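Below you'll find a set of structures to go through.
Two complexes, one shared chain (chain A), two partners (chain B, chain C).
And then the complex of A and B:
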């Protein structure tokens, strides 16, 4: 393999590859690394509404401020509830739907497939705002349907815990197609003969799943779940558009608070400090999860 | 050999399997199982489709506010259907102007973003570049970063350059999709055998000429996916656009929809719904057309 690569590159020399990679390297450095370094720098100053033109270096003051005031704890709790809650409903739901869709004797698979694509295919930005209208306390269609079956209206977006539940349920709606399809293609990578052999050996449907399919797909399932956790942790549009962190602060997550604090409250330094903390926690969580899931692979 | 295959096929065929265990208990279990399966599928399908159905119905109905919508109105009747909302939107509201602004911005950034993604994806897959692994790790790590961390520093960088306006958005938008798309294209090209470009080299193409001449047509599916992703990012971006654009004439559809949702959602919901449908439907149709590529592209990205 390596010799072939060298054969191709010999014509242009070793630097030729860099010419093609120059644009992406420029993008990486100027629009990714430099801004991140800049965010670290801003987080160490008192740059904000009160020190807009003459700001100065304040060390870790912003970091200790968010720790001391309990702001970080509040935001972290919300972010963890939202992202872990999303994963806990999305992964089993997606896997279950994939297992159901993978049945051979199922008719009309194509129709269901197409209908399940709807939430994925319509831009999330648009559908989140549609959900916001549907979940409205007084005027929303969901409460009208509930009233139709004589259930008293539910203040979905106006009560703290229910607002978080709404976020997770709308997130489930937005992302279950992705999980269903990705898990379906993972399931299809398991050879049909294995299922058949297991069925002949008298395994039931459930033990076929737990004894054969899940162990085989352990790594894919772990990877997709980690990916989903990162996406949920960083999710900006859903909480921003659906609840704007409300009611009160009960659904403020790290990404939206960072944005609101920076651009609505003009507290750039604190916003930057929070986003740096967010990245550090995410990185540690991913390393731990990845380490753990890899360990599982070896232990198995 | 064929006979054996035939036999195993017969054995594993659902019909003959049913014959093997042809007792009433088994059959009853099977039909109960299928019944449960279909009920779940139908419930989930309603869950999936309902919001879209609802907004399309609203956009076509004569109701103007959310308050008058009732449960019985969820079944369309011909008397209440109208296209007036679309007419009002297209001829009276600033929709057309915003659409033009959006398409210009998304068009330019999609073209430049995808061009860069193709060259980098192919180079990362095929060319011998020292430090390639580091670049690949960097790309993967950057995709994990939340975009909100970039927004504050980007705002000040662009402020210093005097680029806080509509056209300034072209730069971050083009860059937005590059990281993930290069990664996708690199993974896709990795799976294409090298024989093709070697054959092209025999035919007299230069090394890099052969790469691009052969690999670009062969990776059409993943390029289609990259185009869609590169388009979708700026098309539905609100976070950056809202702080970059201050003039209402330069609004993109996303900002327009957001502010419409703040103001008119209870007053004139039908026009708002028509706005949502007009903004979402083209993407929806593109997505359905490309669904095969999208699903396989995402599976590829997550397994590697």
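And then the complex of A and C:
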């Protein structure tokens, strides 16, 4: 039988918990839920060029419009190529670097770890502008190096497919330290005894990787892949600064087009509808992927 | 007189009611009658001050220096008006701050961007504050740039577009027709692999420079119903002509390069021509010195028509009180401010400090008298005879990236993509954008939105009022076009 004092104490504890949650709840409500709810509201109106100060409810007309005209398909294709392409290089590269740096016999691993932090710690916009200069057709150092080995200059940012490839590679440069460090910490949680036992059983490096590392890290890999996918999907500043969606519209992703349409063309309702579609697509993708990978269990 | 009346209606303190209002009005009228004071002079004598905010001051360097010069003289003339300027403000944020009611009172921007904001109801109808005698001081072209549906939504401070720069060392006499231009360019291209007669990175163009060639082929960007015309026979012919510089005449090979590459070639003396505007003139002057020449993009001898670059304008607009929260005193002060910043001495300072061509006829006349030995100015005057109206309707905003996509595709995949494929793609892309953004492109809809008188958007020729000695004889014949193609005054 619970005494009155115990009950008060227990209730006080619950309230304390709510109070501790309050700051993050306030931040979430003001910075996430309210803007999203407002964007949903705007997307259901005709707020834009011809209805700027007095706009009205139009239902799902904006959604119907972007689906009907086929614009969304083009934007989705670009966004998927960029997001999936980024994951396909970032995950193996990060894991590979982590495995290399996790070698017991590797000398100077602390120096390497510190050095590898630089691309991540350096301001991203500066890094992107440096890459933009390096990838320049005429003046870029990459083409100068290619010229030294008698390879014709490559128009990295002026050709559609290469511009997308450049985006993915620069994204890899910006992100690989993060992935490397997450995998490194995951690898360090694998008991050393397992490696020793595998070595005694005559497992080679590849077998250790496929039979120990991959099975034990599969949830981390799934988590990082989904996290990377979401980050790449929503990545605005990289395509904005490196290609501005060009050449033509070849690197125009959903966030870039949404921004241009809303702010440059004063089409806030359409822009909001596109951003809500983007959120819904991401949410559905995460639910489906999670259903199969159970990656979210890493969080609970 | 009419403007003075309107100004006096907007004087601060007009909110007072009852007998006091009558007394004050009477006193003001007596003062005006007795002292011959204008509304602004009365305002100057009032004790209370007013602050207005301004976004934009032109590009860094000469334009901002001229802005500061004019601002200083304005503050001296109107000691009770304080101007808080933000030269580096991002105009793209204007709709956001306007919706929050915290927009600046005045913005300095291009006529087409201001047109977009006017369509959204963000900037003020200036026709209410400026009468015909005021606007008649400006070139018809620049006033047209700042007019939509018969309404003036700002005051132009300059005017510009592209012309044809040439290197006198490689081309001693400027070409008078496109055949000559191509032959001159070919001679230079034949000098060696590092020479390019007419460098033009089609893949880097967003359609600004290409648009100049459309009138030479009877082409147009949008028809009178605002339907994009890129896939028309005439527009396709214009793009074919430009693309032939690369594939047929071999006077250009830049395709997917950048505009900076074009400029580097011209500056290093490896190119005969470059299509560019006066904003890059000082760079070319530094590189080529007296060998730099500029002339009108030459007459197309094959079609018998002139190419006409889009002739745009920068200027000042005032945001509506709903966007800025302006009081009537601030609106009045804003009107005085933009009138001052676009007046004779301000435009002359802008010309002297930044080389901007004026929108005021009187400044143009002054320049033609005092700079009559400057061959570059005569080149620009020649170009100004053959220009087209810079579209300021919202549909135009979707042309740029659509053209860029089509041009890039053509330059990148020339073996599989034809010129007509590219123009088809450009037009389809514009239509898709217009549909996606619910922008009308049929005549009845445009009448509904803008009023019937606004829908004539054909070619436009600026009416030049500079000293006629500067109008080259061969160009005069084309002035007759002024009334033929949807000319808007």
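Definition applied: the second predicted complex is superposed on the first by the 265 of 300 C-alpha atoms of A that agree within 3 Å, B and C clash if a C-alpha of one lies under 4 Å from a C-alpha of the other, contacts with A are read in each partner's own complex, and residues count from 1 in each chain.
In this section, a residue touches a chain if its C-beta (ideal position, glycine included) is under 8 Å from a C-beta of that chain, and two chains touch if they have at least 3 such contacts.
Small disclaimer: the values here were computed from a predicted structure and weren't measured.
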Contacts of A:249 with chain B and chain C, given as first, second, both or neither: second
Which superposed partner A:60 touches (first chain B, second chain C, both, neither): neither
Touching partner for A:288 - first (chain B), second (chain C), both, neither: neither
Chain B versus chain C as contact partner of A:70, first or second or both or neither: second
Residue contacts with chain A in the superposition, chain B compared against chain C: B
Touching partner for A:182 - first (chain B), second (chain C), both, neither: first
Partner chain(s) touched by A:268 [first = chain B, second = chain C, both, neither]: both
Contact residues common to both interfaces of chain A (with chain B and with chain C): 136, 138, 263, 268
Chain A to chain C touching residues, read off their complex: 46, 48-50, 52-53, 65-66, 68-71, 136-138, 155, 158-160, 245-250, 252, 261, 263-268, 270
Residue ranges of chain B touching chain A (in the complex, touch as defined): 12, 14, 17, 33-34, 37, 40-41, 44-45, 47-49, 51-52, 54-55, 65-67, 69-71, 74, 116-117, 119-120, 122-124, 126-130, 132, 135, 138-139, 142, 144-157, 171-172, 175, 178-179, 182, 194, 197-198, 201, 206-208, 211, 232, 235-236, 238-239, 243, 254, 257-258, 261, 265-266, 269, 272-273, 276, 279-280, 283-284, 287-288, 291, 295-296, 298-299, 302-303
Touch list for chain C against partner chain A, complex: 92-93, 95-96, 98-99, 116-117, 119-122, 203-204, 256-258, 260-261, 264, 322, 394, 397-398, 401, 404-409, 412, 429, 432-433, 435-439, 449
Residues of chain A that touch chain B when the two form their complex: 4-6, 8-9, 11-12, 14, 16-18, 20-21, 23-25, 27-28, 31-32, 34-36, 38-39, 42, 97, 100-101, 103-106, 112, 114-127, 129-134, 136, 138-141, 144-145, 147-148, 173, 176-178, 181-182, 185-186, 192, 196, 199, 205, 220, 223-224, 227, 230, 233-234, 236-237, 240-241, 255-256, 258-259, 262-263, 268, 271-272, 275-276, 278-279, 282-283, 286
